[in-house]
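Common to both upcoming complexes is chain A, partnered first by chain B, then by chain C.
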Partner chain A sequence: MKYSYFPGCSLKGLGRAYEESLLPVMKHLGVELQELDDWNCCGATAYMAVDEAKACVLAARNLALAERSGNPQIMAPCAACYLVLNKTKHYFHDYPAMKATIDRALAAVGLTYAGDTPVRHPLDILLNDVGIEAIKQKVVRPLQGLKVASYYGCQIVRPYATFDDQNNPTSMDRLLEALGATVVRYPLKTKCCGGSLTGTVPEAGIRMVYILLNEARKRGADCLATVCPLCQFNLDAYHAQVRAEYGDVIVPTVYFTQLMGLAFGLPAKQLGLHRAAVPFRWRPAPPEAPQVAAVAAALGSI
Partner chain B sequence: MVSPKQDIRIGFYVCHCGHNIASMVDCPAVAEYVGQLPGVVLSRDYKYMCSDPGQELIQKDIAEFDLNRVVVASCSPLLHEHTFRNAVAAGGLNPFLFHMVNIREHDSWVHTDRQEATAKAKGLARAAIVRVAHAKSLPVKKVPIHPDVLVVGGGIAGIHAALTLANAGKKVFLVEREPSIGGHMARFDKTFPTLDCAACILTPKMSEVGAHPNITLWSYSDVVKMDGYVGNYTVTVRRQPRYINEELCTGCQECIGNCIYKEPKFPDEFNEGLGKRKPVYISFPQATPQVVLIDPEVCLNFRHGVLTDKCKKTCVEACGDRKAIDFTQKVETREIKVGTIIVATGFKPFDVKRIPQYGYGSYPNVYTALEVERLVNASGPTSGDVILRDGRHPQAIAIIHCVGSRDKKTNRWCSRVCCMYSMKLAHLLKEHTGAEIYNFYIDIRAPGKGYEEFYDKLNEEGVHFIRGRVGEVTDWAMTPEEEGKLVIRVEDTLAGFVRRIPVDMVVLATGLEPQADSQDVRRLFNMSCGTEGFFLERHPKLAPVNTFTDGIFIAGCCQGPRDIPDTVAQAGAAAAEAMVLIDKGYIEQEPNTAYIQPDCSGCKSCIPLCPYTAIAFDATTQKAVINEALCKGCGTCVAACPSGSIGQNLFEDDEIFSEIDGLLTN
Partner chain C sequence: MTKPPAASLGLVAHKAGSKPGRPTVGGRNGSDFKIARTIKYESDRVVSFGRDVMSVPGCEQLESCIQRGTCSGVCPLSIYMDYTPRQVMALTRADFKNEVLRSHTIWLCASCYACTVECPQQIRITDIMYELKQRAILERIYPRHFPIPVLAREFNAMVRKHGRITEMVLVIRLFLKTDWLAALGNWRLGLDLMRTGRFSLITERIKNHGDIARMLDAVDHPKES
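The block that comes next holds the complex of A and B.
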């Protein structure tokens, strides 16, 4: 199993905790990743809204590089990258004019794109290539007693439901249960986090953050698990504003890969957990198995 | 008999079909072109060839111009070949000296360039002209029709068709897959818009079926094989073991009371799993036949369906001298002969789990419409008391229309009955519970007698109608009033904003789908399906109960979603169509049979190839012989004969080759 790894800007910047946890977890599972050489901006959200053709050309360059690299399966952990790469692939096949634009632009830099590059999300790879059983076998510190609300966000199953149900995705639920965690029922799992709004129309964005956090709290979740750097930042960084408007609702938001790392017994310090604004401090109930105590100890040392 | 070498005098007619053909094909130009082809004595274009004057024109021309061949270029032979053959025969020619060219379905309707379409019409006409010169006079073969009828499916369609035929004195076999006839209608509470009790109007018909001397009712059975052809079908029916001797069971049900299971324990199919039944049971009080059955999957005398004989068999004791219980029953097959078949296999409700955002299965108080039919029914699991799965009585109820219908992601079609049955359920639920009822609809479709008035009545009753496709059903509460409720999130497209409406109960108005095994049934009876999987009628307007296989008719929802009045009308029509054939007594067969020519070498290659075992070997002549009565004209032997010694009427080599020549030469 070898994949081209497309980090995108987030995983090298604001979302570096995602990369810090994803890479060791994948390595631990024997998944080989080769960072795409000379990758560029995926063309995500803002650019897509301004000029679709240019955004698609940007994304297509990455797809073309992946095809040329010999590891054509491209893994895009950031939900926005994942969506834009997928969208470009669809547009390439569906709209002849877009294909012509992309072909012309790529030809100018000596690249070609055949349109076959499978764009994969880490969740897809973990569930369908690695498999739940293989993941279970790596669990040394089961997350027993940890209640998680698995939050998929808006982008990884919509509009292209390539590996999970569009309206009720369950892949992260199954993964977290395999780690020993308890997944609470969370009906808002695919609702928008308000990520694009907190900066532009803050009162609307903060309200959406509040709704997501409050529902997770009401469901008894110790944390939200996310697959998207923007969701993580948005749900993590605005607790003060939420408090000012609606009162205290404190729920930490972690990457699902961080929870995987903990369950695999990887050192907490190397999983980027220290970067979050709202610290994730989970302590299991006292009469738990010694293994779990070890996890708690690991967590305490963050 | 006219020999092909005789002077050929062809009359050619091209039909305008109003604008249908004339708008895309230059008919006078086609007529002019064909008029100069060799052998053509007369070439005309005419507005409607199928009209009486059109047919009379052919007859008159045959006499006046001494025609001995006729070609008509018009619509599909499926529609009017018969018409024109009759016209030709009335003019004194053998009907098989006629040939038809389809320049409507094959040309004008499917092309957009007038010049090319006209050229194509000329080509097709030319091919027919050179072909028809080789046509031979042939006799029409008459085959008697078996007067018995098979009706497949015992819902209201099958019941009505069977009774209509039986009351007309025809013998009917009614085969039903479930233990009782009655179908979906037997499970409905009331019927729209009159609010007749469904059972009250259906069960008298059911018992009439059970008691009718002309009806053989085989429930818990299905058709596994069909052979033969119109008028002479051989059908194999498989009868599942009920472990009860139907002749001996009196329907007293004492075995049920004395079953080793004191309490009913297993999900009751008839009540959509809302109630419980025992391993020995009868589907519902008015089940027909009034015969119990034993479910070997859960009966203690079986293990995983295999007889172990380990139960105390208190049921057998209770049955006593009647001795109706027979644990040794096996699957039985019966072979019957019928002349015509009516397929009335019904529909399947849409599987609501395909729309997870409506929460069926996740939230206990989300129900399908069929479940609610049982819930409000006096003989249902709660005796008509609307108690939710969590024990509460609902104070607010949402009914979501078009679940699985009118949606590109699931089924594109309108299921036709959901608006009306949703309103019926709204009325009944309001009557039973006094709750606030919210209907969420895309459009209200109430196009039937008294239907719009029923909608008005509901509005007057204070039932709420909110126009908008529901986004989701959730238990995500945003206000204290929403806590513990199911929240409907919907865009109210009339008010123009997104609403959240808390309710206690959600009813999903499931659409109608083809049965899961409709493709198998289609193959079994040699029918066609539309893209959506419902059985295809021969013509959507003019032959709505016929199929493309003669003698096979369809009725009810297996052809497409429809309500009870339409189903009954269609079932009556199917019965009448079957009677047309039966009372005529014979069918005329196409003389398209194969025949052996004198140069047959007797190699026998054709014999095993014939799918109808119509070919035998004659030891005295050392040649193959074809039984004309069995030959279906499939042409397999004709193509396979190594010495080219098998010919086929209507499809002679010289006819086909000359047609190809005509098509390819300019």
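The block that comes next holds the complex of A and C.
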């Protein structure tokens, strides 16, 4: 299994803990990743929203580079990159005018694109190529007793549901359960985190963050698990603003890859867990704990 | 929590300042009591606007809108909007260009695509919002210092120059161009980022950094390439 790894800007910046945990986890599972040489920004929502043609051209350069590299399967961990690369592929195939624009722009820098580069999310690769069984076999420290709300956010399931259900995705739930964690019911799993509105229109953005955090707290989750650097940033970094507006709602947010790393017994320090503003600390309950509790209860009843 | 949303978005002055001498839709938020007409007249239309939008790739399906309103129902931001997504669809199709391009709605869309996937007519509402946003930027119809178009502009300039985004530099530029006082209000966030080693100002760039500008220029000037 070999993939072109498209990190995107976030994984080299605010979301670097995602990359720090993703790479060792994938290596541990024997997934070979080759970082796409000289990749550029996918354009994200900011470009797509104001100039679709140019956004597609930007993304297409990466698709063309992947095709040229000989590893046409792209792994895009960031939800925005994943969506933009997929959307560009759709536009390339659906609209001849867009295809002509892309071809022309790529020709200006000596590239060509044939249109066949599967763009895949790590969750997709983990579940469908690696397989839950292979993942289970690597678990040495099961996340017993850890209650997780799995939060998918928008862009890996909408508008293109490529590997999971659009309304009720379960791939991360299944993955986390395989690690031994308890996945709490979290009906907001695909609700929007507010995206860049936390920065541009805080009144609206902070409220959306609050709703997600509060629901996770009400459901008894010890943490939220996310698949997107912007979701992680929004849910992690704005606790102070949420507190100022709505009161304390403290729930740490981690990348699902960080939980995988913990379950695989990789050292916490190498998983970027220290990068979260709201620290996530978890120690597996010692195995004898239930007995101790039972003895204590028996003693108490005498 | 109960403050009128539009008032806190800093968009009110812009709304009220529509065409002089015409009744406005002031009073929508209950803040001022003005008798105003609440329907549109045919003379407000900018004929062919709807056709224009519907001719853009991805926006064609607007033609078949049945005004069911699922988009407004699922939109997590419709409570902050002056026109709901359903209304924006109707206004766009009916050529009410000024109303939609001046609405808050197009800027509040967070690109979550909930409306798009739920629409019974497969209308790509998010893409239509993008198209409207793009037109508002072209015509410069948005409040001064309004951060969303500024973010888009700074983002795009940075991609053109370096090929990649350095997030902290982008955020700082955004604050400088919009409301630098707000940056001071976020001091705690900045400290958190420094503490956790995520505050980096080292510019990320690609090796062939001329490539991006060349490609983007080829989009604008088809004949030269």
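The rule we apply is simple: the second predicted complex is superposed on the first by the 282 of 302 C-alpha atoms of A that agree within 3 Å, B and C clash if a C-alpha of one lies under 4 Å from a C-alpha of the other, contacts with A are read in each partner's own complex, and residues count from 1 in each chain.
Throughout what follows, contacts are C-beta pairs under 8 Å (C-beta built on N, C-alpha and C of every residue); 3 or more make two chains touch, one makes a residue touch a chain.
All values derive from a computational prediction rather than experimental measurement.
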Chain B versus chain C as contact partner of A:N168, first or second or both or neither: first
Touching partner for A:K136 - first (chain B), second (chain C), both, neither: neither
Touching partner for A:R68 - first (chain B), second (chain C), both, neither: neither
A:P159 touches, of chain B and chain C: first, second, both or neither? second
Touching partner for A:E215 - first (chain B), second (chain C), both, neither: first
First (chain B), second (chain C), both or neither touched by A:P187: first
Touch count on chain A, higher of chain B and chain C: C
Residues on chain A lying within both footprints (that of chain B and that of chain C): none
Parts of chain A lying in touch with chain B, wherever the complex brings them together: 165, 167-168, 185, 187-188, 211, 215
Complex contacts: residues of chain C adjacent to chain A: 1, 5, 8-9, 57-58, 76-77, 80, 107-108, 110-114, 116-117, 124, 126-127, 129-131, 133-134, 137, 147-149, 151-152, 155-156, 159, 163-168, 171, 174, 188-189, 192-193, 195-198, 200, 204, 206-208, 211-212, 214-219, 222, 225
Residues of chain A defined as touching chain C within the complex: 9-10, 12-14, 16, 38-41, 43-54, 57-58, 61, 91, 94-95, 97-98, 101, 104-109, 154-155, 158-159, 161, 166, 191-192, 194-197, 199-201, 203-204, 208, 237-238, 240-241, 245-246, 274-277
Sites on chain B touched by chain A in the complex: 355-357, 362, 472, 474-476, 478
